[in-house]
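Below, chain A partners chain B and then partners chain C, in two separate complexes.
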Partner chain A sequence: MLALLAALTMPGCRAVPVQAPANYLRVDIDTSPLSLDPRYGTDAVSSRINELIFDSLARIDARGAIVGELAESLERPSPTELVFHLRRGVRFSDGRPLTARDVKYTFDSMLDPAALSPKGGDMAALARVEAPDDFTIKFITTRPYAPALQWALHGVVPYATPPPGRNQPAPPGSGPFRLRRLVRDEWVILDRNPYHRAPPAAVGGIAFKVVPDPTVCALELIKGAAQFAQNNLPPDLVAYLRGRRGLRVVQAAGSTYQYMEFNFRDPILADLRVRQAIAMAIDRDALVASIMRGTARVATGMLAPENWAYEANVVRYPYDPQAARRLLDAAGYPMRAGGRRFALVYTTTQGEERRLLAQAFAAMLAEVGIELRIRTYEWPTFYSDIQRGNFDVTSMAWIGINDPHHYYMVFDSAMTPPKGLNRSGYSNPRMDRLLEQADATLDPVRRKAIYAEVQKLAAHDLPYLSLWWQDNVAVMSREVAGFRPFPNGSLRSFASISLAQGGLLRLPPEAPEAALR
Partner chain B sequence: MMRFFLRRLAGLAPVALGVATLTFALIHLVPGDPVIAMLGENAAPVDIAAMRHQLGLDRPLPAQYVSYLGGLLRGDLGSSISFHEPVTALIAARFPATLELAAAGLTVAVLIAFPLGFIAGARPGSAADFGAMAFAILGISVPHLYLGPLLMIVFSLRLGWLPLTGRGGLAHLVLPALTMGTAMAGILARMLRQSLAGVRDADFMRAARAKGLGEFHALAAHGLRNALTPVVSLMGLQAGALLTGSIVTEIIFSWPGIGRLMIEAIAARDYPLAQGCVLVFALTYVVVNLLTDIAYSLIDPRVRLG
Partner chain C sequence: MRNLSLAAGAAIVSLLLLAAAAGPYLTAADPLAIDLGQVLAAPSRAHPLGCDALGRDLLARTLWGARVSIGIAAAVVGVSLAAGTLIGGVAALAGGRIDELLMRAVDVLLAFPGILLAIALAAILGPGLLDLVIALAAMGWTGYARLVRGEILSLRERDYVQAARGLGASPVRLLLVHLLPGVAAPLAVQASFGAGGIIIAEAALSFLGLGIPPPQPTWGGMLDEGRAFLLVAPHLTTVPGLAIGLSVLGFNFLGDGLAQRFGRRT
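Let's look at the complex of A and B:
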């Protein structure tokens, strides 16, 4: 046994240990990215890292607005055309110039059914992409389609980049960093892109280390082995790390939306009064204060207040168990012996936070006579059940909602599975009309007015009970300077982040950029 | 011995077939769809159909099973749906890390268990026996999930002697090996104690003492060897369990082994990768037990294999 151990640990019999180079920011992530090709990576970690390696035509800025990145301007010559004029002098990290041919190739390869890109499904309304010259790119849509600008957020790869494979972990991008080394389940190390201008004091690169266990991630931050972690620590650990010497916690408004979903196929839940009663029986302020430890804001709808289409004037459901009991009585569910009116099954996953939340819901609903039977499953089984409509009540989160078109994806009756995300089976012809009208309205002011109606209707009909918008919580070493939180959790400010020995280095604030419309 | 070895090796084939069949059936029976996991719920039906076709998932299950077995015969475990890489390459990249961790855990277990078990077995009912067995029960009782972070806090955070996580030099191996090996050390120490206590009054021990050997020397030279057979048998079973039980330790210490890979594969319903990981674990278990049988004959010449 000792001989085997000695043989295995001898130099030459094993991989050389990976070390983060000096002046590289050390960041803990909880999983390895699935793909460092922006046409294929859809998981959160891949998205966060890919936006550091790849530029896109446009990006979301720190205020949540869409601003130009590779595109310096945008024209809409007709309702079905978007024309982007590209910046000149942009190069991929291997030195090749980035032109419209690369952009067209990126989109063509995502739309090619043979390439099996998971991004293609969102672009059904994109008829074709044209590149009339080296610095102009044209999207032609099948119909006037307002959400088309969202497609401009996809990262651009060089022309003729094949689908990802073993020998090509990441194609070169034109973003601030390039991939130096990928060791799956261990490290992703990014160097500076030599063709991308960096601020003088900025870090030399980013070393992402895969640390799946949140407690260990907290220990790494305390020890200084890691200098940064965002959104991968549960609220109780964040509370523990607040105020620790050498660390600081940056908490900023986020757009991740936590909701409770009702299955309209269930005759009990199809009654609006029952859904309203559940809404009034759940003390969301208490849940935010206790389970979330103050790292969230009670939500009124899917769009957070930072979103351009946010509507504040919607019906709200304050905690009122008395009113909830009256509603249930009126709905024909009187309190029976044993303090119980009816039972519902609550389906959730096995994470500790999810189970705690389920128990809190069960305790609150028991107060008004609703028995909540909790069923926990591993994620794929849970997800499969939800997709098939095999649930009464569940709670999930939407991450990275940028455009209000998301309402169409989840509330339009045409999007009932297997075709879409309307898992609750909610159907309201007025909602359908408004959502289809909003997608066809290119004028942002009119579009915003339509979405205001959508938000009011959704809050009234309650296919979802809005729980909270989760804050972005970053825990970092006090050496880290220049980090700016983004509502969608983007780490794009790593491009200008610095490591200051012995204290904070203040960087000048970023000037706001003009939004693309 | 050679005949025995060859016969056991030949016995691997039906075990592999059984494991491959069971894994194939189980992973296809549980809910979940790798295509939806990859393409998302709002993927176009044509894209979903194309991916199913490309992965061969649109064929009847028996046809998929036959082609999976055909691949196995050629040593081809297929290609990972999530990673777009051959399963054999993904497993080969991680297997040394898992084997290294299991070997280190076993080494720690033996280094702790043998002195403890010997001390306890030499004087059953003494204070040393009580102390050693109390330590062994503590080792068995503390779960990896708790012991790992505890060791990290003491040896890495407070004392600064060892790194917290990751795979690197020998220093990186110490804490995960201690975490893995402590429970097994407790089990082995208890077994050795029982076994030694059982041989203390045997005829050959009385003969050894009559030759003038002291109690310690008699036990070390004659008792231990006779007491080892059940301990080695248990070690074989535990070594297999160390391999498959490394998942929690791999997660705590960010150790890039097959356990983590298998969990990821099952979560993504990455059928080829999950099947490959389970198969490798099962075959390793069988091989470890074969080596254990061979070890019997080396320890006790009265045992004849064949």
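Let's look at the complex of A and C:
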């Protein structure tokens, strides 16, 4: 019996010949990165690792502001031009100096339609990139385009790096680390970039190990086999690890936005009163307190409060099942025999947490007479259904939202898939006007005012029901010193992280847990 | 000699049937009602087996899960038995080309690992009770067809069958009156083992998310949902795990006992 249980719950043990060198930080990740070429890797794990290997013109700092990285200064000589002046003395990890030619090549290769870079999609307004000299880069846009600075966040690869292919090594970058070894689905081992100055006592490298099962990850942290894990443990396991000696939990406000999406092609869901009723029937505070164990904040919109364009003064939908029932009555869906009014299909993926959430929604909506039929699919089927608008209700998350331009991608009526991300078919001419106007407004104060209207309108129209912003939760050994959380989950502080000497744990006397809210 | 296996098997299976039939009367708790104040609660007076990750009563869910497991096992074994007997019987009696054709078809199906075939079918058909029964029966009937054909081929040569045929019995009468009763005993043994196998297969499919969609409780689904809480709340996996183990054990004992009773080796 026990053997059966074990066989059902443990992934197969494989002999792994790779060993993490001493003085390397051992980090557990839940999946293998899809691409270690920053022009192609868009999944969360690839993004996290790529920003350790590659520098970009600018970067988002721990407060969420855009700061220069390869660029030491920025000018806007005209509304359609951005000029970056590059730092000197930067080298790729193979020793080649990084110049404007490399930066221009990186952008040209993303813009090349033949290269099929997934990041080329939101660069339609980028007319061309020029490199007037070795240390100057010029973006020329087709029209005055406020989100243009976002392009500066893409990692830079050396000149003439071909698109990724079979048996082709990942390109070198100019970031603090370089790739030493990649064993798909098992390890990603990073070394120091010898041409990037490391602080004294910093770790010699990072050894990422792929551990898909959260229980195994928790056990590795307890045993010390892993020293760090971020955002890959369910809240209950985090609560369990909090009390452990030798471990430290750093929880910080995050920008990952969890939402419920409605399909406007469905006549029932096209009725605003139905969407409002659903919003009021879901007790988000209770879900955050119970299932999320307080590792999230109930959201009011896509932008978290840390974002410069955040607008707090929007319609909110406090939990009120009575009001929800009245709205549904008024919408012409009276309660019928069996205590239900109508049924909707809720489409989700097969992860345990996704299924738990689905069942919690179903139970809460059943209270007001809406039957939610849960359908779980594996990711590719799920995603293609969502892209084709083949769903009633679903729930997903946006990770790494930084610029409010994201509102354009998801709510502008022209942005239906495959062009954009407006999967719900939401269309409001006023929203379209505001979004297009915001993109053309370079003055940040005026732009912010427009996005305030956008956020109010989105909260009223409810194409998305905002659920919560997930915190970044990192569990680490007390040996680890110097970790700083970023709202977007960046691990960039690994560059200056260090490990306690001697392998033996010297515990500080009851250090209080870091609470960075 | 006392037949311990039969007694133990019959006892466990009866218990299981009772749990499935009378489940709703054994506990007042609703297996679907979530209570976010009771998330992962340990066993208590109000919840004898504790609560799951949504605060649902684990006892109620386990009892309702028994309905699903037993119901599916019964349906799948019933369908497989009927299909297998029909096809095996036809093959044995018709002989020649038809026999060849049917048995090669069985060979083809048996060449697939059973659970893989069921997974493929479940993935194609989508989640749902009926689809699950079809997926599991598709891999289940072949064993019965082989068994029935083999038994009939050997029974056919017995004197009493030869005598009946000599007296002019029609093939249908021959099959229904003289041959099938002789096949009943080995079929009962096979069905009993089969039921245990189906319970495991159903749990495996539900564990993989290919079974009955949530929130309906199934043992495999409960095991899957509890997996993330193995360290925090081990009762979430222990309870459905024990339920699966116990029922498979029960059906295997029953099969063993029946085999002993009918004087056959399994």
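The rule we apply is simple: the second predicted complex is superposed on the first by the 481 of 517 C-alpha atoms of A that agree within 3 Å, B and C clash if a C-alpha of one lies under 4 Å from a C-alpha of the other, contacts with A are read in each partner's own complex, and residues count from 1 in each chain.
We adopt the following convention: contacts are C-beta pairs under 8 Å (C-beta built on N, C-alpha and C of every residue); 3 or more make two chains touch, one makes a residue touch a chain.
Since this is a predicted model, take the numbers as computed values, not measurements.
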{"item": "Which superposed partner A:G425 touches (first chain B, second chain C, both, neither)", "value": "neither"}
{"item": "Partner chain in contact with A:L237 - chain B first, chain C second, else both or neither", "value": "second"}
{"item": "Which of chain B and chain C A:G400 touches, first, second, both or neither", "value": "neither"}
{"item": "Touched chain A residues, chain B compared with chain C", "value": "B"}
{"item": "Chain B versus chain C as contact partner of A:T215, first or second or both or neither", "value": "both"}
{"item": "Touching partner for A:G389 - first (chain B), second (chain C), both, neither", "value": "neither"}
{"item": "Chain B versus chain C as contact partner of A:L287, first or second or both or neither", "value": "second"}
{"item": "First, second, both or neither for A:G204, with chain B first and chain C second", "value": "neither"}
{"item": "First (chain B), second (chain C), both or neither touched by A:R355", "value": "second"}
{"item": "Chain B versus chain C as contact partner of A:P97, first or second or both or neither", "value": "neither"}
{"item": "Doubly contacted chain A residues - partners chain C and chain B", "value": "1, 4-5, 8-9, 213, 215, 219, 378"}
{"item": "In the complex with chain A, residue positions of chain C that touch it", "value": "32-34, 36-37, 39-40, 53-55, 126-127, 204, 207-209, 213-215, 223-225, 227-233, 237-238, 241-242, 244-245"}
{"item": "Of all residues in chain B, those that touch chain A in their complex", "value": "30-33, 36-47, 50-51, 54, 82-86, 89-90, 93-94, 96, 99-100, 103-104, 106-107, 110, 148-149, 152-153, 156-157, 163-170, 172-173, 251-254, 256, 260-261, 264, 266-269"}
{"item": "Interface residues, chain A side, partner chain B - complex", "value": "1-2, 4-5, 8-9, 13-15, 17-18, 31-32, 34-35, 40, 42, 113-114, 116, 118, 120-122, 124, 163-166, 183-186, 209-213, 215-216, 219-220, 222-223, 225, 378-381, 383-385, 387, 409, 415, 417-421"}
{"item": "Contact set on chain A toward chain C in their complex", "value": "1, 4-5, 8-9, 213-215, 218-219, 234, 236-237, 239-240, 283, 286-287, 289-291, 350, 352-353, 355-356, 358-360, 362-364, 373-376, 378"}
